[in-house]
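Quick one: this structure, given as structure tokens, is what I'll be asking you about.
Per-chain numbering from 1; labels A, B, C and D assigned in written order.
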């Protein structure tokens, strides 16, 4: 492995799984199960193990985006992978795309988008959210995400590029929709997320009034299926509403 | 635009939207609304219009993956975008990944994966499905998908690379699961799709017996939300079960 | 059987099931599979068969409420059995109850309520709906339902009894809620049904402003499970939203 | 009110609602908020209040079936009101019906059925469940429920009446189905409940092999809708699977 690579160190303690996100470097990494000299990983590959000074063994794993979802610092409820997935496939985000994301929040959506798209520009007006998302994005290794601090509508005159997809995850999405249409390439998509019906209605009305076409709103109810010796059944918990996703096209 | 680029030509006829997928070339493209000389598009950009010899006007759009989903030839029910989205985000498929896909079918999943990942290898044993998916993949322009005709389990000894993610969409997924674990990179993911409980149970049992970890099965119930003058409500139709997605990790 | 009893006559024709609702009487009953002298049923019991003059055989069945749901004339979409069931069990409607129902519609809800409760009073302001529901209620044999033609709010001063449960299935339910609280016995329930969010919100606001307690709103998503040789799965169709049910108590 | 009537006494303490189920009698009723002489209620009506010796005031409410659901002793997860509602309306249980219920459990289903039907016969083989359900049924005042202790299949030769509806809520429902068909009146219904797919499949296979007709299986996903100042949304918790309900007819 190389200096700067980010890894997941996975182990068990007292019968429970524990995970740490660490960077290959010449520094040492402190865990409650001992200190690890991170330069040892220069001679290792994912799948190998590394041992702390307390002789505790950790499996080295390549960091993947679901690990980022699990380990990022949170300032609020981030968008769930299922909803991010619906946005990606309903707008067709791909590795040639430049994506604009308004309302960075914790940065989870931006990091997922960054793992798929060529480049992501993301705006966050709240200073605390901006700082946390910057930390998340830097420490978890996304280098094609440009995080901007500021109010999107105020900054819009300074934006002089066009985007393939624009994503909105912010309380005032309905007000922002009209500003997005001219920033989208022909055939490009808008995807706006909201937990509430009232906000979703504002988004729909704004999209209809802004000459967006092919407007639709979906909700994904995800259920876990439980497999036990007693039998197979949809799990009786952990289901729930997250939000409504409105997709519109230019 | 350039020779070989694939575009969506969009128009209206008798009050209804019509779309055609065409390739920029020195050939002419025949529609029931007139013939279009495709080399005219060499001087055009997405967002421009082009006119047929019957003077009918078409909007030129960049082809995006949802267009591929809508226009691909079908040999059966393809996986739906929402389920593909859940696979992408729950396994973290990204532009550095090499993905193995068993059971090409119509090729929809492979083409979505190809739009996101670095490279996709996909196996189809049924000759008719193989031919249709080859036509889809060629005509819709995915150049990083390697489509192989053959039974995956028979061919497995010839596969000497490792994958970040393996996807299964085939009736006998339960039998294939044990063969996948050694083809996955450490920390890589298996995603197996099945419409039926019985098959899903076989997949789960195989995953548990093959030392996969973090095994879970989810189902996504997608609902359209309808906005009319009478009011806002979940749509009373077009909801429905598609399949169960089992995710497991090495 | 006795004169006046209503039966279901069930047969098969060309491989398909056919059902007729008929009344035991001294008249003859005309079907496209022949004429039946209905007084023959005076010597029959449910489970027996009766033969038409064309020698076609019909099974005699006791009419049950789901048959009423299937055979009643419709003026619009009636409330579905699942939603009626949720109203019955969440309000505890039982054979000692007197129930007020506002917005008779086709009369399906009233007939279900009449099959369970001691007495039902139901209001319909629309003349056509009133006529159809009267025909349904008379021909399908509910004798404890008092169907009144008129606008409930206008008529309210003439209502001088109290009810155990009041059900509302009408566009202006939000406006009616405040009038219901004084017609309910202590501990009695209001159940208001609406397909739309906007109406449901009006109902909630009215209930909160009228000192109703224990207010909640639920939606029931019913899925059919399909069992075939290929496997078991939630059916891919016939799922859908019907409406939101708001329950409140005095 | 009269001796023997069962009431709900409702009050608030420390800002929280508290409820007690008590019987009008010449005894005193002990609560942690004081002792109530229950014969005082002989001069009261539902809607009045009664005061404990500690001067704490309680509202007197008529007991309704949802109160029984909330206050009955539990030996396991009882069937939920929504599922009971679906059984009642899909089988058309009404005040003229005699219902057989196999697998009493806590007695919740039997008590709901008893509140609607003319008479209910219910079997429980487990002695502890039998005792708890007997206590529930006696103390909550259902006088048309005949609770029998014993294994239904063993006892079947002693059953010499016919039923309009038979309900099954027991692990071995699949084995019991064949015995029920001869106990049902023509046109009568079987309703079998199971949380698991495997059991539901056994129920279906048994129903198909026993000449039941019009067999269908449904699942009801109930969602709470949340109304707050921030907006309206399906609640993010308390959704979930309970069980599959199979309905079949003779």
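In this text, a residue touches a chain if its C-beta (ideal position, glycine included) is under 8 Å from a C-beta of that chain, and two chains touch if they have at least 3 such contacts.
The model shown is predicted, which means the values in this text are computed figures rather than measured ones.
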Interchain contact steps from chain A to chain D (minimum; 1 if touching): 1
Can you check whether chain A and chain B touch via the same residue numbers (shared by over half) or via different ones? same
Write the angle of the rotation needed to overlay chain C on chain D, where the fit uses Cα atoms and the result is rounded to the nearest 5°. 180
CA centroids of chain A and chain B: separation to the nearest Å works out as 22
Could you please state the distance in Å, as a whole number, between where the Cα atoms of chain A are centred and where those of chain C are centred? 49
Each of the following residues of chain D touches two or more other chains, namely 197, 219, 221, 223, 232, 234
Flag every residue of chain D that touches chain C in the complex, lowest number first. 8, 45-47, 59-68, 81-82, 84-95, 112, 115-116, 164, 185-189, 197, 200-201, 204, 216-225, 227, 232, 234, 244
Considering only the defined contacts, which chain B positions touch chain C in the complex? 195-199, 219, 221, 223, 230-237, 239-243
